[in-house]
Amino acid sequence: MTNAQITLVQLDNYGPWTVTPEPRREADLQTMQSRLFADLSQFFGTRDGYVFFTRFDNMIAVTNGADLEDHARVQESIRNRYPVTVSLGIGTGASPTDALVDATAHLQAAGSAQDAERREVLGGQPLADDERADDDVHIAHFDVNDATGKYTDELDAFSTFVRIEQGYASLMRVLHDEYGGLGFFVGGDNVVAIVPELDRAAYEAVIEHVRAEADMSLKVGVGSGHTATDAGLAAKHALERCREDGTIVEGDV
Amino acid sequence: MTNAQITLVQLDNYGPWTVTPEPRREADLQTMQSRLFADLSQFFGTRDGYVFFTRFDNMIAVTNGADLEDHARVQESIRNRYPVTVSLGIGTGASPTDALVDATAHLQAAGSAQDAERREVLGGQPLADDERADDDVHIAHFDVNDATGKYTDELDAFSTFVRIEQGYASLMRVLHDEYGGLGFFVGGDNVVAIVPELDRAAYEAVIEHVRAEADMSLKVGVGSGHTATDAGLAAKHALERCREDGTIVEGDV
Amino acid sequence: MTNAQITLVQLDNYGPWTVTPEPRREADLQTMQSRLFADLSQFFGTRDGYVFFTRFDNMIAVTNGADLEDHARVQESIRNRYPVTVSLGIGTGASPTDALVDATAHLQAAGSAQDAERREVLGGQPLADDERADDDVHIAHFDVNDATGKYTDELDAFSTFVRIEQGYASLMRVLHDEYGGLGFFVGGDNVVAIVPELDRAAYEAVIEHVRAEADMSLKVGVGSGHTATDAGLAAKHALERCREDGTIVEGDV
Amino acid sequence: MTNAQITLVQLDNYGPWTVTPEPRREADLQTMQSRLFADLSQFFGTRDGYVFFTRFDNMIAVTNGADLEDHARVQESIRNRYPVTVSLGIGTGASPTDALVDATAHLQAAGSAQDAERREVLGGQPLADDERADDDVHIAHFDVNDATGKYTDELDAFSTFVRIEQGYASLMRVLHDEYGGLGFFVGGDNVVAIVPELDRAAYEAVIEHVRAEADMSLKVGVGSGHTATDAGLAAKHALERCREDGTIVEGDV
C-alpha cells in the first residue's frame, strides 16, 4: 500500500520579484534560492521528510509525518528570514502523482503563482495519524553503473552532465507516465524517486527502458517505511548491496 | 571575439564519502551540497563570475576576472568549513566548450574523481590581464514564453517540471553540439548559457529547434562584457525588452 | 514552578582543531561558527527551543520539548555537514542554573573538552512527558530604554557597544548569583534570560541593581509557558506593553 | 604607523522591524542575524578583512583593501537575499578608535538608526591605494592561559562564560580607553583586537591590568600587515609561539 503525502512549495510571485525594479544579479538569486532550498531540506529532512529542489521556485517535498503546524512554522520562518514568501499545498493519495496533483490543485485554486495578492497560501490536509502505516512511503534510489569511470573521468564535464541528464530525463518520464512515480535528480549520478509499491519486474523494465532509450545502465535500491527517511535509508542500504553483489535491483520489491 | 575562462569545481572523492562508513541521510547531503554551491555562488558571484550547480558534485563556473589566488582562497575556505574538499580546474578558450574541455583535462590528468589520494588539485591558468577584453564573455539568457500561464498554473507541478526539463534538454544539446555553448537551468523557467559570439539567425535557429523538438516557445536576451556579471546583466535587460516588445531575440546579436 | 531543560552544546576538541596543522584563518572560523550556531538555532528554534551563542564553542540551549532522538538527529546532521562534531549534555532542574550544572556535568564526566578521544557525547535525560507542565519555562526579555537615542545615534559604535556590554554584564551576574537565572545577550540592546519564577519586586530590584552598578536603564517583559517559544513570545508581548505604557516590568509576575 | 580602515555595518531600522506587525520569533531573528554576519564575514574575510559580530545589528569590520565598489556590492547582495538592508559607514584614521568614530559619524549624519527613511547609506571613503603601506594594520590576538583546564572542564558552562566575559570586558575597556584599540570577543576564550602600534611594555601592562582587575591570565600574539588577514595570521602564529614557549607576549612588538 502507498500513502504519499506530498507538499508543493511555491515561491510567491517570484518571477516578477526577480526583475523588480530592475533585473537582480543572477548570482544573488542563485545564492538565495539554494540557501532557501537548504533550509527547507534541513527543516523537513530533520522531520523525516525529503525535499527536492526541482525548479527552485517550485519545490516538491515528501512530508509524511509533518503536520499543519510544522508547515505553518516553516512558512513563518522563511517570511522572517528571506525577502520572499512561500505558499504550501499539501496533497495525499495512493500514488505519488495523485498526491502531487492534489497538492498543486490547492495552490492553483488560490490564484496564480504570479498573482501579487496571493501570498502564503497553506492549503490541503496532512494525513491523520490513524491513516498512517509503516509502509506508506516507497523510495527507489537509482544510480548509474560506474559513472565516474565511464563519464566523469573520461568525458569533459559538460558532456558527462548531458549524458547524465538524458538518462535522468528518460527515467523520470517512464516512472511518471507508466508507474505513477516522481523521480528527481539529487546530484552526482543519483536519482531518488518516490514511487507506488512496484515489483522487481517493474524495476527491471524501467532500467531496460532507460538502457534502450538513453544508452545508460542503472541500478536501483528500493525501500519502504513510515516516512521518507525510513524508506530512503532502506533504499540506500539496498543500493549498497547492488554495488557489493553486482546486481541491479535490491531491496523491498 | 570570445575568451571564456571556465572553472570546473569537483568535490574530492565525494561518492565514496557519502556512503562511508554507511550511507548518510539524503536530507543532510542535499542541505550540505546546496549550501556549498551557495557559498561558491556568493564567492565567485561577488567577483563578477557565475557558478552553475550542474551535478552539485561537479559544478561549472564562468570565472573571467578571478585569478589563481582567488581560486586558492575559496578552496581553503571550503576546507575550513565543510567536511569535504574541492579540486579546481581552470580552462580558457575561444569557445566555452573548449575552455571546459581544458578545465576538465587539468583535473583528469591529476587522477580520478574517486581517487582518495587526489585532493585539492588546483590546475590550469586564468587569463592574464593583458589577454582580457571588454567582450570576452557572451551570455544568452533564455526563458519560456508565458510559462506560468501555460504550465505552472495549468499542469500539476511535476508535469510542468517535465515539460520545462524537456525544453531545457533540447536547448542545452543544440547549444553544445552546434554552437559550442554551455547552457544551464538556473531555476524557474530560465536557462543561462555561456556562448561564443553568435548572430541573430543563430538564436532564431536555436529557438526554432527547441520549438520543433520539444514544442516549447523560448525567447532570449543576449549580452556581452568583460565578465559574466557584465554580460549577464546586459542579457537580462535585453530579455526584459523581449517581454516588453513581444520579440524573441534582443541584445548584443 | 520551574522545570528547565537545558542543553549544553560543546564543539569537540575545537581549540586544537583551529590551529592544526597551523592556525586557520579567523574569517573562516567566524563564518563556520556562526553558520553552525544558526543551524542549531533553526533546529531547536523550530522545535520551540532557544539557543544562545554564548562562546560559540560552548552554546547553551533551552530545549524543553526536544527529546533524545531530536538531540541525536542534530548531532548527526552536524557531523554530516561540518568539519567538526558536537557533544551534547542535557540537564534538568528546578532552576535554570541547576539544570545547566547538571548538563555540564554530563560532559565533564565524559572527558575534557580538548580530549581528542571524546567525541559526540550524548549525556543526560530530557524531561519525560508526564513531568512537563504549562509553566515549566520562564523567560524575561530585557532591553535598554531608548538605546538608539541615548547611545547608537550619539556615541561612536564601540563606545555604545562597551556601554551595552557593561550593563549586560551587570545584569547577567545579578541574575545568576542572586536569582538562579541565565541571561544572554542576543544582539542590539536585548538580553533574554531563562529564569525561575520571580515576582515583580525581584525584577524591580534587578533593574535597580543594573542602574546603580552600570548606570543603565532597563525594562523587562516576562512570560511563562510550556516551551521557550511560548514563554519567549509572551515575554516579547509584555515588553511591547512596557514600550507602549512607559512601564518597566510587565507580564507574568 | 597605523592606518586603519574601519567599516560600521548597521542594519536599517532593525529594532522596529523585529516587532512589526508583532514581535517576531527570537529563534528566527537569531538565525537570520547570524547568517547575515556569516555572509559579511565570508565576503570581507575573503577580501582580507575581518568582521566582528559586536551587537549583530551593528557590526564592526576592518576593511583595509576593500574599495567603495566592494562595499556597494555587499550592500546589494544583502538587499537581494535578506528581508533587511544595511547601511555602511567607512572611516580611516591613525588609530582604530579614530577610524571608528569617523565611520560612525558618516551614518549618524545621515539620520537615526531607527529612521524608516534612512536606508542603505554608503558614507565615507576607503584609503586610496597610494596611502596604503605594509604595516597599516596591527592585530593583537589574546587568549586565556589554560581556559579549558581552569574553567571549561571545572566550572559549569555559564560560570565559565561569566568569567571569560569579565576578563574580556576588562580587556576591551583598557585597550579602548588607554591605547585606542578595539577588542572583540571572537568565541572560545579568544579576543582579537585591532590596535595602534604598541610596544612590549604596553602589552605587558594590559595583561597585568586584566590580571589585577579580573583575575584572569592572558597571553597575546601581535602581528602587523597590509590587511587584517596578513596581520591576523601573523598574530596567530605569534600566539602559537607563546603556547610553545610559555611566554605571554610574542610577535611584532
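Going by the order they are written in, the chains are A, B, C and D; count residues from 1 in each one.
Criterion: contacts are C-beta pairs under 8 Å (C-beta built on N, C-alpha and C of every residue); 3 or more make two chains touch, one makes a residue touch a chain.
Being a predicted model, the structure only gives us computed values, none of them experimental.
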If a chain touches chain C and chain D alike, it appears here: A, B
Most remote chain, CA-based centroid, reference being chain A: D
Interchain centroid distance [CA atoms averaged], chain A/chain D, Å: 43
Centre distance in Å when chain A and chain C are each reduced to the mean of their C-alpha atoms: 36
Where chain C touches two or more other chains, by residue: 25, 28-29, 31, 35, 42, 45-46, 77
Chain C-facing residues of chain B, complex: 24-25, 28-29, 31-32, 35, 76-77, 79-83
Chain C-facing residues of chain D, complex: 8, 10, 14-15, 18-19, 22-23, 25-31, 33-35, 37-38, 41-42, 44-46, 49-51, 53-58, 60, 97, 100-101, 103-105, 108, 112-114, 148-149, 152-162, 164-166, 169, 172-173, 176, 182, 186-189, 192, 229, 232-233, 236-237, 239-240
Residues of chain C touching chain A in the complex: 39, 42-43, 45-46, 73-74, 77
